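First subunit A sits with subunit B, and in the next complex the same chain sits with subunit C.
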Partner chain A sequence: MLEAYPDNRLSRILLWSFCALVMAFLMLPTMVVVPLSFSSSNLLEFPPRAYSLRWYETLFGSATWMAALRTSLILGALTAMIAVPLGLLACISINRLGGKAAVAIQGVLLTPSIVPGILLAIGLFFVLAAQHLVGTLFGVLVGHVVLAIPVACVVLLPALARFDWNQVQAARSLGANWARAIGGIIVPQLQISLLSATLMAFLTSLDESVISIFVASGQNSTLPKLMFLSLRDQIDPTIAAISTLWTVIVVAVVLIVTLRQKS
Partner chain B sequence: MMKSLPITIDSVRKTYGSYVALDDVSLDIQAGEFLTLLGPSGSGKTTLLMALAGFVRPDSGKLLLDDRDITRLAPNKRDIGIVFQNYALFPHMNVLANVEYPLALRKTPKVEARQRALDTLARVKLEGLSERNIAALSGGQRQRVALARAIVFEPRVMLMDEPLSALDKNLRETMQYEIRRLHDDLGITTIYVTHDQREALIMSDRVAVMNSGRIQQIDTPQQIYDRPSTRFVAEFMGEANIVAPGSVRRIDGADPSREALMIRAESFHLDAKLVGRDGVALDGTLCAKAFRGENWLLTLALDGGQEILVCIPAALASGCAELTTGQRVTAYAPAAKVHAIPGARA
Partner chain C sequence: MTVLADTALAADARRERRFFLSLSLPALFIVGLAAILPIVWIIRQSFLTTGGEYTVGNYEKVLSSGLTWSALVTTLELSLGTLAICILLGTPLALALASARPRVANLLMAFVMLPLWTSILVRTYGWLVLLRRDGLINAALTGSGLTAEPLPLVYNFTGTLIGMVHYMLPLFLLPVYAAMRDIDANLIRASASMGATLGQAIRTVILPLSAGGIFSGSIIVFIYTIGFFITPAVLGGGKVNPLSIRIERTLSTFQDWGSASVLGILLLILMALMGVMFLAARRLIAGRKVGTAHA
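Right, the complex of A and B next:
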């Protein structure tokens, strides 16, 4: 008899309590910030003595915070739009090449996600400096794309490994050039993986702070960069408000994408 | 009937590292011919077909379609219809969309494309299934969709890579007949790949037997079967016995040949009266016998030590049931069924 799924009440209660505990442990750090953002105090204190929306008013009234929010969202979208197609093409070549060469290329491609972020940021700073791109949004975009390509590849490589390449050959024999075979045969069938890759690339950029701190300038600060700076300069609950808003946006995007994949 | 084209394969060579997959293969296929590449797994059949399709680039040699050199032409510009071993249908499109796909790529007007796709589906007996999803089709139906998709754009050459290997025996026999009939209707030059000897014999105008990246013999099915030019072909094409001339005696006492002789198991009789005076006799001891329904299979150990297979049709084998192992048996074969393999020793 298999005892892997015990069916008595006690063990079920224990199992559920344990799961609830793990969930709480994962969620609490994020959740703590939410009440802080509704505090009416000038200080970050937990639990807040009185509640208000004043920090949201400050946030939405602040041109700096709003600009950073917009910059981050645009940057995330651009990063995903560039990194995913590049990642897909890279994965196709790795998949087709096979053998030792493919392993080597895959290794090189994945380095940005293995190398410490600081190292990458310093290196990128010098490369961009030589091109006079430090302080530009384009410079930050390059950095984020470099980081997002391996993330996209990690999602796409296994999906391509499962893909029946004969279909591409069939399409080619029926008259499709490369672009049409990829666009008409591969992309529609990898839709779900491509969507995941897009989401992961977008989140990689949204979450990235080190490159932004090194490369971005005042006018095109990303949100994480501004959050770091404001934590250093002045601690007030605006940061809790933006964190809450941020969490809501990210959760919404993830939910929308996940629900679309389910349907 | 569309205009079909001849194909010339001229000393095509393909290596993978030190492994020679195609060893200077040369082959001429006539316009409208049905030619089968037959050989064991790993003999290079798919590689040769994929070279024609444009997915394998030969190390050297040339491929000509009519007079045109297509060795370096992109696969999408070759106008060759291919039926893949696993069909390679597009699962995200329904049956009709699969068949319309090559027409859409050629910018055929929508109404005409639809009509041609429907006509082609009718030709392969898939009327009424045009809106089905690929996942909802049986193996035989998928096979037919793959055929329809490969002929709908009127290619001048058709390549098929073991298209029936995934089907069960009855369906396979029906499809062999239907594919051949489709070929005769369309008159399209066809290269068909199989590792099944019977299938090759049944379907083809000519058969090219391949082994280790080389074409061993290319001939009509009957010649391949009755007059194999190498030992490999003889043994691959059925229950062949290859015996040294010394183990064989002519019934009329004349000198036998000096080369190894091939006698197929089913060419033997146990009754000397059934073969002519110029026939041959082989003396041996019965080692084993088995009843196989339509025939008996006897194993004889010749006096030289070699074992041969003798296959006697059940209708002529009244005595077989009484034979006991260890008994002396003489097998007779008519001269017409004794074939000397050029240059081969037993």
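Right, the complex of A and C next:
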């Protein structure tokens, strides 16, 4: 963009060194956690003097951490399984209706992502408390589903806009019912977008912490909740180990999405 | 005959519309259940005593407490502080990325996105390790002789702000980068050929044309930071108490659901007020653009 100013070398060097610093700032916290998880000492020294796998052993040997990891993965999968079909149906509705109705539906579906998480969390806590459902997996699940629906829609709406609706009309006029038209024509053609939406919904649930902190408890504590509680009490390198594992899982999912979209 | 066919068609179209409307009902239902009902419940709860009777006592109690007002101030300080730093750091970064070759820009964007895909708790932990008294940053500062004593960088306002800027910067960057990418390079060539210096080109061409992106980025920063909870809870070390922290403490330490609800409503009002201000500002900016075009 700035090729019209080729001889401004000094300002270019200044701009890029500034950028390097900002990028370093962005990368630093993640980068520091990974080596720390392989430290052999229980001090948070950086760089570690000697390396070992002891924190991973502690982590995999801990029933609490493993239960939380399992809860989070199950919760993520359930969230994706509910949010994506609901999101797809809502997107078909938005796509076909158009006009004011579509804007209104989109507006309602977006509310959860605009309202501060802490408000959703305490409100949900009140509602669930009235039904004696605080601490159940169900409570966290509905919270995660409403956060994941807009995420799924962001992926699915543009895909539906490219979809040729005449195909559905042809199928309908040949006698296919709606379930068959949606399942047999729309779903197969949106396969890649649906996969992306599923993974994004999964990640949304995996990453969510505030609702979990307020609504999940005991057996159903999610990984972010457990990490939050440990960060407040003590910070030993076990958290570095779970952090590294966590980041690897998420980056793997993101890579799958990106590569799928490219191919 | 045609009239009959027309009414039949119209009835068909109506039926189809109803069907499409019904497709969004499951999603709307669950959003109503898990997002809108909770907000309504907070409003209801704010008027109830612990015994479940109607009262305005919660409002009197919360609004007459000095803690509430200092929480309000802290919330705004954190939010606007984060916004200011994001603009200062993010705009030059977006400019550099937009002026880089596409390949380089894509690679760098991947690095910018990495923190976005890292759990906020992982990042907060990273900052705890980096900012401690004997952490990497303080070691570098004292080692290089920049400071004699380790600085108190964490469990205070500074640490909270660092953590929040780190969370928001990639989200701020995205719309600004997109806006700058879309600027027609010919405009900058034109300004160069007419003798504008680089600084003038940035000030009079690039920045006005990316104002929309900076504006969207600012709204995103604001929406996220106003209710930020994890970062102040961990990096604030109990000394930084925005509204979100006061809500949590009122709820879990004092079990005072009514007051926690009132604080939640204050947060909602603050959001609505700032939303109105942002919209007014946007109208002002748009109006000025039209004005210069006519001049």
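Quick note on the criterion: the second predicted complex is superposed on the first by the 227 of 263 C-alpha atoms of A that agree within 3 Å, B and C clash if a C-alpha of one lies under 4 Å from a C-alpha of the other, contacts with A are read in each partner's own complex, and residues count from 1 in each chain.
Assume contacts are C-beta pairs under 8 Å (C-beta built on N, C-alpha and C of every residue); 3 or more make two chains touch, one makes a residue touch a chain.
All values reported here derive from a predicted model rather than from experimental measurement.
In the superposition on chain A, contact of A:A50 is made with neither subunit B nor subunit C.
Shared-chain residue A:V115: touches subunit C; no touch with subunit B. Of the two partner chains placed by the overlay, neither subunit B nor subunit C lies in contact with A:A63.
When the two complexes are overlaid on their common chain A, residue A:R180 makes contact with subunit B while staying clear of subunit C. Comparing subunit B with subunit C, more residues of subunit A are touched by C. In the superposed model, A:Q189 lies in contact with subunit B only, and not with subunit C. In the superposed pair of complexes, A:Q169 makes contact with subunit B only, with no contact to subunit C. Against subunit A, the residues of subunit B that register as touching in their complex are 53-55, 74-76, 78-82, 84-86, 88-92, 101-102, 105-106, 149-150, 153.
If you check the complex, the residues on subunit C that touch subunit A are 17, 19-24, 26-28, 30-39, 41-42, 45, 89-90, 92-93, 95-99, 108, 111-112, 114-115, 117-130, 132, 135-136, 166, 169-170, 180, 183, 185, 188-189, 191-193, 198, 201, 206, 223, 226-227, 229-230, 233-234, 244, 247-248, 251, 257, 260-261, 264, 267-268, 271. By the touch rule above, subunit A contacts subunit C in their complex via residues 1-5, 8, 11, 15-16, 18-19, 22-23, 25-33, 36, 44, 46, 82, 86-87, 89-90, 92-94, 96-97, 101, 105, 108-109, 111-112, 114-120, 122-127, 130, 142-143, 145-146, 149, 178, 203, 206-207, 209-210, 213-214, 224, 227-228, 231-232, 235, 239-240, 243, 246-247, 250-251, 254.
Remark: subunit A residues 164, 166-167, 169-177, 180, 184-185, 188-189 touch subunit B in the complex.
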